[in-house]
Every structure is written in C-alpha cells, then in structure tokens.
Amino acid sequence: MATLPILTDEQASPEAAAVFADIRAMRKTDFVNNFWRVAANDPALLKATWERLKEVMKVREGGLDSLTKEMIYVAVSVANGCTYCIHSHTAAARAKGMTDQMYADLLAVVGMAHQTNGLVTAMQVPVDEVFKV
Amino acid sequence: MATLPILTDEQASPEAAAVFADIRAMRKTDFVNNFWRVAANDPALLKATWERLKEVMKVREGGLDSLTKEMIYVAVSVANGCTYCIHSHTAAARAKGMTDQMYADLLAVVGMAHQTNGLVTAMQVPVDEVFKV
Amino acid sequence: MATLPILTDEQASPEAAAVFADIRAMRKTDFVNNFWRVAANDPALLKATWERLKEVMKVREGGLDSLTKEMIYVAVSVANGCTYCIHSHTAAARAKGMTDQMYADLLAVVGMAHQTNGLVTAMQVPVDEVFKV
Amino acid sequence: MATLPILTDEQASPEAAAVFADIRAMRKTDFVNNFWRVAANDPALLKATWERLKEVMKVREGGLDSLTKEMIYVAVSVANGCTYCIHSHTAAARAKGMTDQMYADLLAVVGMAHQTNGLVTAMQVPVDEVFKV
Amino acid sequence: MATLPILTDEQASPEAAAVFADIRAMRKTDFVNNFWRVAANDPALLKATWERLKEVMKVREGGLDSLTKEMIYVAVSVANGCTYCIHSHTAAARAKGMTDQMYADLLAVVGMAHQTNGLVTAMQVPVDEVFKV
Amino acid sequence: MATLPILTDEQASPEAAAVFADIRAMRKTDFVNNFWRVAANDPALLKATWERLKEVMKVREGGLDSLTKEMIYVAVSVANGCTYCIHSHTAAARAKGMTDQMYADLLAVVGMAHQTNGLVTAMQVPVDEVFKV
C-alpha cells in the first residue's frame, strides 16, 4: 500500500543496488528494510538519505551514543505519528541495548512531554527571561 | 500573553504555594518558572502535574539518566512545536551537562528524524514483518 | 508580521466590506478581529470562510450549544499549535460563559488527551474489535 | 502490532491486575481495552495514568459534564492523528449519549477549526490586543 | 473501520445523492470515493465540503494549475499524517499528469522541508527583519 | 531568542564562512539569513543542510520548477507550524514570481486540505481499493 513499488534487489537500479550493498555491509545483515526499498525508486534520494543517516548516527568523541540517538529518533517519530518509524526505530533501539526499564522510562517521558506540551500551549505560557540565551 | 494570570508567590493559594515550596526544595533554587505559576491557577492541576513530573524524571536502577530524559523531552517538544518547552528543556539539559557536541548530535538526529518521518509518511511505507513484535 | 496586510475598513474592497458589516451585525460589536482583516486580501476566501463559520457555529435542535463548540475549537487549536486561534477562541469561550471551573476542566482534559495520545502512539496499541462500528 | 505485548489477565502483575479490577468496577463492565493491557507492561505507568484519568474525567460542581469531556478528547485525538484514541473516545462519547446530531456538530467544528488553524498559521495573523488577558 | 457507515448509493439521502451525481458529472466517472460516502451521513457537511472543494480547485486566470494544487494538497496531507488523503491526492496528482520525476521532486522537497522545519523549531531561529512584510 | 548564538561573519568558523560565501554566490546577494547563521554553530550540519537544499531545489529536466517547489515548502511549513519557515519561504516564493492570485490559490488549497485532513481523520475513512498502487 505504499505509493511507490517496494523494489526487490533485482528491480533496483545499479546505483540503488550499491546503496543496498552498503546498508548490508554497515549493518552486518542481509536484510534491507522497506524504507530503503521504496526510496530506491529515486536512487538519488536513496543515496542522499542513507549517506546523511550514516553521518548523523556516527558516534563522535564527546557526543551521544547510538542508543541515545535511537531513543531520540523514537521520540520524534511518536510526536510526528509515523507508525513505520516508531516500529523500526523502537526495534533498532532494542537491538542496540534498550532494556525494558529504559523503554519504560522512554515511554513515561514521552507521555509526560506530550502532556506538558499540550498544557503549555493551551495556556500560552510566556518564556521566562532566564531561559533566553 | 498567557490565557491565565502568572501568579506571584503572594497570589498563589496555600495548596499552590506548597507545590512552589517543593519545586524550590527539589531544584535547590528560589526560581519558579512561569509554567508552574500559570498552572497554579488550578492548584489541583499544578500538584498532579508536578508530582507526576517528579516521578517521571526520577532516576531508576537500570533506567535512563536525567540528561537523556531531558533530551528526549526536547525532541518531543520540537516535534510538537512548543516554544516554551523547547526553551525550558534545552536550558534544563544544559544545566544537567549537555555539552555543545551532545547538543549538535541532538539537533542532527532531530532534523534527520523529521526528514525520514516526512518521507516515510509521504510514501506510506508498510511496516516490515520483522519489526512486528 | 502577517504575510499579507491587515486591511483597515478603508482598504477593504466592497465585497470584503460587506462581510465586515455582516460580522459586526452578527456579533453586535464594531470590532472586527485581525483574522478577517488579513483574509480580506482575498474577498472570496473571506466570504466563504465567514459563511461557513456562521453555518458551523449555528445552534441546531438537538445539537451542541455555542459554548461547547468554542471549547472544541480551542482543543483543536491547541493540538495544532495555533497561537492566534487559541487566544481568540479562548476569549470567545469566556464571552459565551465558560467559567474558571469549566476552563480548568478543559485544560485538564486537553493535557490528559495529549498524554494518552502520545502513549498510545508510542506503543502502537491496536484498536479493540469492540470499538469498530 | 503493538511494540509491547497485550497482556491478558493472567499475564498481568498483581499491581496491574488491581488496576484492571478498578477499571472494571468503575466502568461496570468486564471489558478492559487494549490501551490498559499494553500499558500494563509498566504497572507504575498503568496505575499513574488510570488514576489521573479518573480524576480528570470526574464531574465537578460547575464544571464540564462527561460527554463534553469525551468530545474534547475526540477533538484533541483527531488533531494529533491518534487512530486508537479516535475510535475509543468516539465510542465512549456515544456510550455517554452523543447523538447523531451532536456528532455531526462535532465533526463540523473539527473540520472548520482545522481549516482556520491552517489559514491563520499560513497568514501568520498577529493576536489582537483585545484577546490578550 | 470508519466511525460512520460508508453509504451506498441506495443508503444516501436525496440531498446526498444529488452531491454524488454532481461528483460523477464533474469527474466524468461513476466512481465516488469513500470520503464522500462517509461524509454523506451528514448531507449538509457533504454538500458544503464538496461545493467548497470545487471552488478551491477551479483554475483561475493567472492562478495555479490543477496539478500544482494537487501536489500542495499532498504536501499538507503528509505533514498532517492523513493516510487516506495522501493516497487519494497522490492518485489524483498522477491522474492530472504528475510524472515520476515530478513526484520525485515533490518527495525530495517534502523531506527537506520537514528537516529544516525541525531544525529551525529546535533552534528557535528568530525571523529576519527582511522577511517581515 | 534562539537556543544558540546567531553568528556574524566574524564569528563563523572558516568552514561555516565558506558555506556563507557559497550561499551569497548562489543567491547573488550579500544577505545571509538567520537560519544559516544559527546552524553555523555546527559547521558540519550547516554544510550538509545547505548542500542538500541546493540539490533539492535544483531544477531538473521534466521536474518541478523553482516556484512550485517553494510553494510546496510553504505548505509543509504551515502544517508543521514553523513560523520562521513560513515567513522565509513565502518571501522566497514571492521573489520567484508568486503573484497575488497564485498566493490566494495556495492559501485556499492549504485551508481546504487542513479541513478535509481533519474530517477524514475524525471519521477514519478507509482507503479505497482503487487508490492502492
């Protein structure tokens, strides 16, 4: 029910196939998920998105670890209501070590943030001077 | 420009004042930010929200640390477009040790997540079987 | 800071002026708020929007009363993050009789709904069979 | 397809089972819907959410009635795009007496609010002085 | 799984049937899609929505062409996460001549816009003076 | 009131300054707007975003023209409620030739799309078989 075909390895163009190969190599698995297979209908979009994702998820000295990044990804996906993204990034977070307690904490914060976001917006609370840089 | 008055300590009811006192004690500061001062117009809402927030932000054995929770809070607030919440939780994350590199990582993930959320939704990518629990 | 001029009575076209006159007659006030003055840059949009709003807010036998409609309007505007709409419809709800207790209830429900919306979306809860018509 | 198991009565922990029992007693039905069964994976979240919901939906002297609260809940859920929440709260509103005419009014207001929210945001209409408290 | 019945031609009221007839005449097809069949439960809503849609999609001298309007409709529907709307308006855009290259461009812009929307909101960038009318 | 400093040319790092120079060259103006000046706090983010934006906005044989892309950008920004983005892309669309009539059409479609998005979501209309690829 995607708006574009979910391309098999055989249907992918050489440029798309090269990205699939890189995904497999980076992730050490033969599995290529549907997002990439649909994006492959526009090999340039596929390549640009994958290259940027690799760069963004790369762990830097003094920066965030992989698991924290995945949990932030889940949080954004929930607020944007992206079903596919919630499933894929929750699965990725688990694969990177998210325990049941960590996931419970993530859910609790996500729920709380939605609640206070709603209340603050409803009451139109002005930003305190002290929060302005 | 809030829809309700921003109550001073003097204007707060005894029940609201008790919550202000707990906020000050917990945070070890005399400062009480506008969200609580506006919520104080309904002392029951103020108390319930503060009590729940304390519980949610409490660090548990094997769970997420305070800084990670604040960054998740920021991520949700951005996706929900809550200006006040973005400012207050970004400030809180910095106060809890978020470095420039960590914030750069947070921003990069938030931007990337918005992008792929948009693309996935536009293309209506179906959830892979493997992501289903 | 609108993207179009806020038209004064003098700047409004005859078709727009006629809508302003109807707004004044219906609301029994000389005041015409900014939304209509900006929409007046496209008199056809102004007229269609005003005519539809009148129809939607009209009270029908067995239907919802004006105040309930305004509170629903506020709730949608909060979730959509529309600052102008939150202010104008909260003011309208008050003008139609929303008491402090009613507003406190509205805020509490709005906050709660945002929270459970967030949790349900995060956990991707499937719809119970019993809820399907 | 939830991200966590939908717990049966047998799988629920004693603390979660106690909440299920309270839900059944309050609602005078044996049915416990999926939201609670998924939330039950974190009994503390389940309990806090249920206790707060009970408090928020409780009818207060001079406050909103149950049906109005359910319709506001539906309105927020629509704007947030929460499919489960739309189904469950629309069903709840009907159970509490929402007639076809009331639902037609709710839909009309929800549609209108989305439209003017979109127009106001697109045109960035500044808040009238008179709407500021 | 709609919240209201999907009315067949036989179930539609005379007023709703008249709108169905107009839809068929305007679109030169016998097919009437589900949106109208569900909206038909409130013939007044059905009629008002259809009449306004016809007006909005009408091509005006010096205005936007039909295809551009459909692509803008898709873009809004994606950002609002409306699955039905994404499918129906993407199909409509294709029927009006959207080529694979045009759709690839639409997707790329939609993805980019979501990303910079997210970054700008996260960083709370103030509007440049030069952008204010 | 951004969460990061708005860097002047003097404060920008050499890598950021190089991007500023490319923006000036591409746009044939000395003006560099605040988005880039705030993003410049992370030169890698600045460069990646600018390079991708250039690529996305580049006109391709058989693809969308610049003005259509800007209007789609405005439409997404409205639905996401990004004030800065609405102002900057509306200004950009005007600079690329958007006439008053075109803008009126854009606004009318944006308003209509929000309305039907809201109605469809509220009624949970199932996707017609014919719309599935």
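Lettered A, B, C, D, E and F in written order, each chain numbered from 1.
Note that a contact is a pair of C-beta atoms (placed from the backbone, for glycine too) under 8 Å apart; a residue touches a chain by one contact, two chains touch by 3 or more.
Since we're looking at a predicted model, the values are computed, not measured.
Steps from subunit C to subunit F, minimised over paths through touching chains, total 1.
Using mean Cα coordinates as chain centres, the one most removed from subunit C is A. When the contact pairs of C-F are set against those of A-E, B-E or B-D, over half line up by residue number only for A-E.
The most distant chain from subunit D is F, comparing centres defined as mean Cα coordinates. Set side by side, D-E and A-B show the greater C-beta contact count at A-B. Between subunit A and subunit D the centroid-to-centroid distance comes to 27 Å (mean Cα coordinates, whole Å). Averaging C-alpha coordinates per chain places the centre of subunit C 21 Å away from that of subunit E. Taking each chain's centre as the mean of its C-alpha atoms, subunit A lies 34 Å from subunit C. Residue positions of subunit D touching 2 or more other chains, listed in rising order: 1-4, 44-45, 49, 52, 76, 78-83, 86-87, 90, 104, 106-108, 110-119, 121-124, 127, 132. Against subunit C, the residues of subunit D that register as touching in their complex are 1-4, 6, 31, 33-35, 38-39, 45, 49, 52-53, 56-57, 60-64, 68-69, 71-73, 75-85, 87-88, 90-91, 99, 101-102, 104-106, 108-128, 130-132.
Across the interface of their complex, subunit D is touched by residues 1-5, 44, 48, 52, 55, 127, 132-133 of subunit B. Subunit B makes touch with subunit C in their complex at residues 1, 3-4, 41-42, 44-45, 49, 76, 80-82.
Of all residues in subunit F, those touching subunit C in their complex are 81, 86-87, 90, 100, 103-104, 107-108, 111, 118.
Partner subunit E is touched in their complex by these residues of subunit B: 74, 78-79, 81, 83, 86-87, 106-107, 110-119, 121-124.
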